[in-house]
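Two complexes come next, and they have one chain in common, subunit A, joined by subunit B in the first and subunit C in the second.
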Partner chain A sequence: MTYTRTGLTAALAFCATTALAQDSITVAIQLEPPNLDPTGGAAQAIDSVLYANVFEGLTRFDADGAIIRGLAQSWDISDDGLVYTFNLAAGVTFHDGTTMDAEDVKFSLDRARAEDSTNAQKALFEGITDVTVVEPLVVQITLTQPNGNFLFNLAWGDAVIVAPESIDTIASNPIGTGPFTFTDWVQGDRLELTRNPDYWGPAPALASATFRFIADPTAAFAAVMAEDVDAFIGFPAPENLPQFEADPRFQVLVGNTEGETILSTNNKMPPFDDVLVRQAVAHAIDRQAIIDGAMFGLGTPIGTHFAPHHPDYVDLLGNSPYDPERAKELLAEAGFADGFTTTLKLPPPSYARRGGEIIASQLREVGIETEISNVEWAQWIEDVFTNKDFGLSIVSHTEPMDIGIYANPDYYFQYDNPAFQTLMETLNATTDPATRSDLLAQAQTIISEDYVNGYLFELAVATVAKAEIEGLWVNQPTAAVDLTGVSWAN
Partner chain B sequence: MIRYAAGRLTSLVISLFVASIVIFAVIEVIPGDPAAFMLGVNARPDTIAALRAEMGLDQSLIERYFDWITGLLQGDFGQSWTYKTPVADLIGDRIWISLPLAIYALILSTLIAFPAGIYAASRRSGAGDITIMGATQLGVAIPNFWFAMILVLIFAINLRWFSAGGFPGWDNPLQAMKSLTLPAIALALPQAAILARVMRSSLLDMLGEDFIRTARAKGLSARQALWKHAVRNALIPVLTIIGLQFSFLLAGGIIIEQVFFLPGLGRLIFQSISARDLIVVESVVMLLVFTVIMVNFMVDLAYAAVDPRLRSKA
Partner chain C sequence: MNRNLIIGTTLTAVFITLAVWSFVWIPYDIESLDIANKLQTPNSAYLLGTDHFGRDILSMIMMGARTSIAVAFVAVGIGMALGIPLGLLAAARHGSLLDEVIMRGNDLVFAFPSLVIAILITAVFGASATNAIIAIGIFNIPVFARLTRGAALPLWERDFILAARVCGKSAARISVEHILPNITNLMIVQGTIQFSLGILAEAALSYIGLGAQPPTASWGRMLADAQTLVSIAPHTALVPGFAILLMVLGLNLMGDGLRDWLDPRIRVART
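Now for the complex of A and B:
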């Protein structure tokens, strides 16, 4: 570990009043990245710190989730939709001074899709058959079949461009092309970034940024109140938000995420293999009570597995209004007039732990008893996700546009519908926007009418920041704390 | 004395060996595959298998135990699976928070407890004794994490004298000590309360002993008898408690480290358990066990120094 910090930055980070230069910021997030390699792990915290700040991909998400240009300044798609030709930005260098060119793009994509790749989202690169360097700044990617999501896939944090020269130490010393360079990481406490003077794009307003990692909700509240941090992205204590709203020192931003929070249901485990039972569960759930009780009002009810702020969202809440009487009728029809008992496995986030208690009591109303067990994430992945040893669980699926998981019969909720699978294949091979919209609407409707899971709400994200800070992302289209456009008003 | 120390040393080595087996066995059975956890829900089975091989998880449990233990004996703690850095470095960074914090808290608690306990014993049943005993009763009853939150509320949020948490590093020792002050107080006060009560009752026991009466009969004042004879003899149970408390303060700072978001050993264990970074958990827990056993060993030796009878007994 190198301690390159100067006394000045240490003082800035720890004096309660930072009356000095307002071109540095201390941002807190809850979880610390386990390592700094966005191409080698699923932890969202890695992207939260590094996405758009240190690493860039060919394309990227903007603050609203739209796909915009990244290192690729323009692209052509062949008429058959199989060949993408990307023209790279000129004059881009990595933070270690080496040039970024088509060879690096080829290296990054080939590495991500290699046999021994440990990329957590390897599926993003599945259709790629070949990456060819045409010219130093032109790269051509060939696909096996048309993929309407391809530019979207390339925008993920897992698809950023890395260099062979620095790949071996990427986990501890990330070298990207972004507007900020990595300076220091005091594991367990904070990570520091400094403005990249050689950035190829517009220079960011901030000269430096410090990320702090504060997991405990009470500590998070104290750190913001004591002004130890300038902004807390993903503030973990929604019950304290009114207090910040009332305080002129702070601003509270509530935005949406790509997290569909669902009551995951094991579709192969009796009695949930019966659609009537799943429908009964759907009618037994009072979404608003869960949003109010577990999330202190933050969250948008959903009737299918799709983000409500997405233009292709279809409002299907009408398929499963809160109606306990109807739920009891459906249970009786399915042969469970006396109800049944099942398991409810809850991972650590408060939406699951608090929400789980509320759902358990709502299900009890219609005769379904749940045995609640609280599990850690690692155990959840083993029990629920891998071994499918569960009846019900509550999880927020935070990957953007992930309705495709319903086409995988081996996915942990084990929904196996060939019609849906065919629909998804058609969708993936369709590039025409209007047809895609139509197919997405059909997909949402099918899973809603099959009551695959209990659809609860779209997870919201709260940011508490000093009132003078401008340019923070309100929404979280992907896990990112993009500091490129952040500045102080004073 | 040498036979006594050798006996203690043998039991130390055996304890360490047994502890290593127990720690490894208990931690390895925690459900949850580290590789699957790291790669998340979209990972494909072949990717997980590739990572498992990279992490050495495809070896048998016994092979891994011997790898670990031979590494430890050579001073090699292994490589963290999640951080991908040597465990020794992780520990090295964090021990410089946990250890000073534990020592700081121990000094504070001793500084409070000794005078309070001695004063209370010398004023038995007086107003001072009753006040101190009442305060220590409260101190024992209050959980340290709650007390920590109250300290943050008053001194960080309202008065703004301290930051609410975090650690600036030892580059600036004054700032570093300042940032450890609230956590040390939160850790120290409940411990001081216990220690003061032990000190008082141990002193009172001594004051009833024959040798105190003898000392008084020889013409010593009550105060002289207390300081010259009772305090020294009362130290044995107090030392035992201090030894236990030090271990508690070192390993038990975990909650306080969460409250003050200090990157210490406790928080390292906490994070590593949830990330299933088992190699880190095993090595850190082993280190803590080693420290506890060493501290107890030293307390045993200190008994012998305080109480000459133990030296000859062995």
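Now for the complex of A and C:
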């Protein structure tokens, strides 16, 4: 009896708190992070939960993808572009009470670029020769050659500042400098953050936040409809969005991501080693049908591996318009007048599973038969990404500015073009904005005209949130659910 | 004839007709998609509406009936082809070590939840209709083996078997010539029930993506695809759902009806 009464009181108290305060939020995302170390794991979900909330870097992305100040309040770049001097914010402490200073920056960057580093984006730190502590709040980074992307590289979630005192347990108990502290993680269910009272910057409006992980589209729909979650970032079922738009309880935000969704093509596997065959595939694809059929209209067609909202984007859709007759001609020219059979391995997201069925049907029209196999992510990583045992696959490359992957001949689609590799080396060493734009345009054109992959569309991200929530990111310049500016209107 | 048998046979016949008919003609080609016409509610052009790719659902149901029936038919076939001989052998060698081995082997297969092993088989050998057939077929073996042995054992005690033995017939010949004809009724009834379970198992495997792969139509995958569309286009889920329901109901009624009709005791009691 006593138990029941206590439980009831607790329940009532809980209702009262949520009704009055409105300074807590429950946010759902699709995938759960495998661990909580953004500097050690590759999974995007780690950044989704922790970026800007728990961990901060020297610079950071803002909601529009621009690079703004992070822990570094200002910086000087030497005239030759080789030495960066960062002035750090004063009075910054880690959540365990230790102070954040130049030593921690040196430790973090040296750890990330070390030989034995497990950092998923080690390439970001290539070219750093030395990190020097000048004063407690001044740190100097020396590069081997000028790098026009350096401030951008430091903004990534993989380049956040960590403390040597807490590094051993970072994977389960992340200690950062951000406006929220990590409180609890119930694996398979939820992760909780609480406002950091000692935050060095402006205090966030939210006192606490709970992340929930819901991968299944049907469950996601039910959770939002029942108001079990206040916001769903990256809502997985675009077909349900009109219902939320029509419902005054919710707002729907559709923004762009850095996700180039491509028909990945194994460039070393015959017949895809023949550019004519790849071109035929490109002409056989009707992008708009895929966007309408798989994404219910969400997404922007792309003609190369570059985000269309980026100022340096070149519209190359003209290289591969939907033209099945041309595709058949090209196949005949390549010696495959009767078509051929290949594999199409599809990871779980609906852009791949649904898009795959549509592409299979479009390829069949020109005589290419595909054997579809649906694979889970772990199997996709093993079969496609690691062992390169595939003909075609569909995947969204969500890293920002990742055209550089085409310069790596061992990357899973195995594009090996020395001219492109040289171009990328030139680009990395160039800091002049106009020259960089020009080089990026050349790079986009090369891969588009080589038909390396089938370029489908830029993935859109849909956020469904309660109507009263303000300050959520609309776009996803990087995988992040930045809660610093989020508040309730009432 | 009884009512169950008539209703059940009619329902089953409708689906078998649809499946057979699909070889000759279907309203629309389901391999070419027509995104512009997606999610149409049932109308005169598309009798059962269209799905999220603009495919005609009636055509999908017809092609799906073919898949379901083919998978269930072959799976039951595997079960009968291996299960009945094993059961006859166990009954003929009743009490021997061979009998023990066969029956304990059956217990072993029975001990695992069938769907879990089906998932295991398709996960190891890849998802395809063939592997679904094998997975479902394996689980039909002990069903038929046990039933055969159980029905055959009392027969072995009967005088006409004794007569056959006195004539010098071998155990194998007796099994085939005297035991088998006497248990055929049972096998037909059980076969019908197993057939309906096979349809359900195929739908379940396809639903979780381990059955027939696209573009082969399958009722289970139609249901899975329709999952997020239920609230905006209910017909995409209702139609395959009812197809599975009616087909399984039909087979079960037919099985019940057949049992009543074929069982001599019940038939005698009624007349």
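Points worth noting:
Simple rule for what comes next: the second predicted complex is superposed on the first by the 472 of 490 C-alpha atoms of A that agree within 3 Å, B and C clash if a C-alpha of one lies under 4 Å from a C-alpha of the other, contacts with A are read in each partner's own complex, and residues count from 1 in each chain.
FYI, contacts are C-beta pairs under 8 Å (C-beta built on N, C-alpha and C of every residue); 3 or more make two chains touch, one makes a residue touch a chain.
Since the model is a prediction, treat every value here as computed from it, not as a measurement.
In the superposition on chain A, contact is made by A:360 with subunit C only, not with subunit B. Contact with subunit B, but none with subunit C, is seen for A:386 once the two complexes are overlaid on the shared chain. Once the two complexes are overlaid on the shared chain, A:205 sits clear of subunit B and of subunit C alike.
In the superposition on chain A, A:171 makes contact with subunit B only, not with subunit C. Of the two partner chains, subunit C is the only one touched by A:292; subunit B is not. Put simply, more of the residues of subunit A are touched by B, taking subunit B and subunit C as the two choices.
Of the two partner chains placed around the shared chain by superposition, subunit B and subunit C are both touched by A:218.
By the touch criterion stated above, A:43 is placed in contact with subunit B alone, subunit C being left untouched. With the contact threshold set out at the top, residues 218 of subunit A are in contact with subunit B in one structure and with subunit C in the other.
The touching residues of subunit A, when paired with subunit C in their complex, are 217-218, 221, 237, 239-240, 242-243, 289, 292-293, 354, 356-358, 360-361, 364-365, 371-374.
Listing the residues of subunit C that touch subunit A in their complex gives 31-33, 35-36, 38, 52-54, 126-127, 209, 213-215, 227-229, 231-232.
Interface of subunit B with subunit A (complex): residues 30-34, 36-44, 46-47, 50-51, 54, 82-85, 89-90, 93-94, 149, 152-153, 156-157, 160, 163-169, 171-172, 175, 179, 258-264, 267-268, 271, 273-277.
Partner subunit B is touched in their complex by these residues of subunit A: 1, 3, 5, 7, 10-11, 13-14, 16, 32, 34-35, 37, 41-43, 115-123, 171-172, 186-190, 212-216, 218-219, 222-223, 225-228, 348, 376-379, 381-383, 385-386, 399, 412.
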